[in-house]
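Listed after this line are the structures, all set down as structure tokens.
Each of the two complexes below includes subunit A, the first together with subunit B, the second together with subunit C.
Moving on to the complex of A and B:
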């Protein structure tokens, strides 16, 4: 059709640029992962070599498993992330349904009020949040984190979900009403299953920032038994700064779950971003 | 049509979200702003008006730290705008090329750093740039630039820029994805019309695509702004709460954390911490308003 679009030199240049940037993006992760499986001597002598039979060593992982309670940290992160996502999705969808389905006085204002939090970061209120958590005895519990992340995630969730719920056909809902379904049944049985793709988008958007957050675990739940994986690896690495095997292994153990999640959900995530969910 | 009776189900649907959002987010936000007007005197809370803000802006000890953190924060933001967003746009332009193979593969791979936590990114780069390990100097040596190497994170004049570049490395995936989505939504017939008029390749990008994706660039800019003025994790993970060397990487987030929580011998001061949070709030608010009323409404939108 057109020479400029299918010129082989152009194509080669484009692939060259993309490959170069892909290498830049992956190189640090790759270096950390391969060196975590090597003995200390080899880490320093041949940092870029793959581990082989001679240099292979799991001594770093052994230190990590002995010294840090990474299973507990992982479990905490998991509970916090899943708990927050569940609340964000359930409460967010309910509020989105109320805003998109019913006409009532103050509907617009309520929508604007809930949208405020999209642009204003919740961290600004940290001082008062900590005071409140101390007063209610929630400090150093996973509930403190779940509540904060739920509040943080709700505004965008309500915004995205109500956009999608407006597209659910009115005829369907009215047919349900004629059949005698209650408003709750219409929400849970008719509308929720139809907006499942949008719910997945919201979940994936929220999952990464919650899992990776350092600020709130550091301030609200720094106790040993409530440390999340992010905070736990931060503290662990700070203490073992000179033990390179342990540091590299701890980093790898923090990278792996995220990478696995990413491989599972990347299609959902990318589709969510590129479908224009954030306008 | 509408039934006049009170419709309880609306309240039931709204209540949980509004309750959690109000008590955990909106109320503490205003409470923090209120706390900024108080000070602790003899273990009691005393109303002092704008005294804390005066201390923050004009007291020699505090103001020096505050303006340093603010200036650093602007530099941090500037680097993101000048490096992260252009690279993101360039990558998106390459990826959206209609006949590019492996586009999905590149896209997924380049996005990987974005899903990693700041802790991982901060430490990983600290190790790679470390002169002890020597990966960075030996890589530079391989391309004949060894003389350029310096312990970047340890030098006052380079540390902040280095951290900003690390953050750029991590987040370039976000502008890339958003611009990519915007580019894909440009209808093919517009590009074909350009081709018939002889506008192809780079010219098509500058003259047709770029004006059409300006609204997305605006959104990316404001997201970058809010994200940067609220940043903390990367600096804390790589340099600690003292944001060394000699506070050269201190930004508002780390400054607020140190003030509020205390460090080493200095006791934490929630009221001064709130005052810093108040300043951050004002800055973010001004930025968002500038965007909403100054840029977004004036931007030319083309009906596609």
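Moving on to the complex of A and C:
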């Protein structure tokens, strides 16, 4: 261990900075959580106070549960997020493997073409996408969302994963070839386990925007049976009256599944780093 | 077990770079052949072509009388040991060693027996459940060897397997690999840039330079009769002394009026390269040859004198009991140890 790390003052400063950052980052979440358990009056009178016996109220959660089919919305959001992430990781990793492993004409151009999506926001093409979905009859299906999010996530996934895959030693892949592995087996059994931290990074990057997105669910799948959680919560935000109890409760509940997914991926991330994979 | 034949095997990259010029070699069954040369000489490319990891542009490669040019690496019945070991980091030692067998559909019992046997030979019995990251360099090297021998292949390929080890371990592993290869009697091709490894391990050495085969021979042949100045300079440490000598009326002159007491070879050119191994030269003499010693290197077992002979750099190796000082020293160049090379082409005369 070097001296800078073992110095107690440095350690204290470092931890101080990290704690401060954590507090700032968690503060809005904390405010949402405590206020979701308070009565409407108390939310506005003392927004920072903790709920006590007098102000405690579950009215927000009751409204959410009564109005609309929140379990279904949850399910929809979950299917869309997990489905999109699966496709992004699968196809992104495959494209990245091809780009990093094989020499072929136009490799460089193909890489640039795939990375182009990072620079051009997919929302520019919303009208065209909607026309396409209408033509294929995918409007108001979860598939419409999954396909669009997959397209949206692929460029960054290919970009990040191909960089990581270039670092996997050629000798290792060649050892696999001599040991009788097919190219698919090399990809699934050797390369993927080694780039797991990068996969987790890509998953985390893509998960939050997909979960929180309002734009595409509103345009492509606004039907009651395909509503996502973010879209479903919008019923409580009106032009003139907003049911803050319900909004805060819905948001509090929406945080949970993402939190679970994040914990899963970040564990992978840490395990990947600590396993000391490549020599 | 198998013999390996390379018949005018050649490698040209799409950008036109000729990595390996047509190369014909026959490796008899059970021999260990070392490919040696400086970096970028094409030795690794040639090995990878034998392994099937690199396409062969032209020519025929046979392993055990069958042409295998178009076969996948997995179907050539070979095993390879890589420079950085290339162990599967997410598998235990036992799984690493058994993986090739598992992919070929061997039964669990058979894999277990073979892995245990290999672990016993390589003293890895206590480490079978560990991950590669928990092993030292030498142990990883052994696991890589184990992975090769459990497969019971026709041909071993080694790609600079010792270059990541420290000097002491390298000497030890060198002997272990050679002993193991002799015991198993498997034909082997071994790539290295280290001429000591080449000399000590090889049944035969192939010296490569710039994608061309410079010389093929036993270590003694290569050392005693180098085919070119390149081989003479590459094999042996310190390398052979090579001096430009002028020929006039059949007399060889080094410069500064130092005449060599030998008849000049019959050549059309008016100069020739004269070579002497540092250990072939003797200290002492009649004073007609004077070496101006500038530096003495103490190596324990012997001593190296570096200086100038007739104005050209010259090194001399003497035993630890011989006495020598700086300044002019008489030396004797034995007539039967002289080498002549063509001054431009560098080929042996």
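Throughout what follows, the second predicted complex is superposed on the first by the 200 of 279 C-alpha atoms of A that agree within 3 Å, B and C clash if a C-alpha of one lies under 4 Å from a C-alpha of the other, contacts with A are read in each partner's own complex, and residues count from 1 in each chain.
One rule holds in what follows: a residue touches a chain if its C-beta (ideal position, glycine included) is under 8 Å from a C-beta of that chain, and two chains touch if they have at least 3 such contacts.
This structure is a prediction, so every number in the text was calculated from the model and none was measured.
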item: Which superposed partner A:104 touches (first subunit B, second subunit C, both, neither); value: first
item: Contacts of A:58 with subunit B and subunit C, given as first, second, both or neither; value: neither
item: Contacts of A:190 with subunit B and subunit C, given as first, second, both or neither; value: second
item: Comparison of subunit B and subunit C by subunit A residues contacted; value: B
item: Partner chain(s) touched by A:95 [first = subunit B, second = subunit C, both, neither]; value: first
item: First (subunit B), second (subunit C), both or neither touched by A:200; value: neither
item: Contacts of A:115 with subunit B and subunit C, given as first, second, both or neither; value: neither
item: Subunit B versus subunit C as contact partner of A:174, first or second or both or neither; value: second
item: Common ground on subunit A, meaning residues reached by subunit C in one complex and by subunit B in the other; value: 275-276, 278-279
item: Subunit C residues within the subunit A interface of the complex; value: 48, 51-53, 72-74, 78-80, 82-90, 99-100, 103-104, 131-133, 140, 147, 159
item: Interfacial residue positions of subunit A with respect to subunit B in the complex; value: 2, 4-6, 10-11, 14-15, 17-19, 21-22, 24-26, 28-29, 31-32, 43-44, 47-48, 87, 90-92, 94-95, 97-99, 102-104, 110, 113-114, 116-117, 119-132, 147-148, 150-152, 154-155, 158, 182-184, 187, 208, 211-215, 218-219, 230, 233-234, 237, 244, 247-248, 251, 254-255, 258-259, 261-262, 266, 269-270, 273-276, 278-279
item: Subunit B residues within the subunit A interface of the complex; value: 2, 7, 9-10, 12-14, 16-18, 20-21, 23-29, 31-32, 35, 87, 90-91, 94-95, 97-100, 102, 106-121, 123-125, 127-128, 133-135, 138, 169, 172, 177-178, 180-181, 184-185, 195, 200-201, 219, 222, 226, 230, 232-233, 236-237, 253, 256-257, 260-261, 270, 273-274, 277, 280-281, 284-285, 288
item: Contact footprint of subunit C on subunit A as seen in their complex; value: 169, 171-172, 174-181, 185, 190, 193-194, 275-279
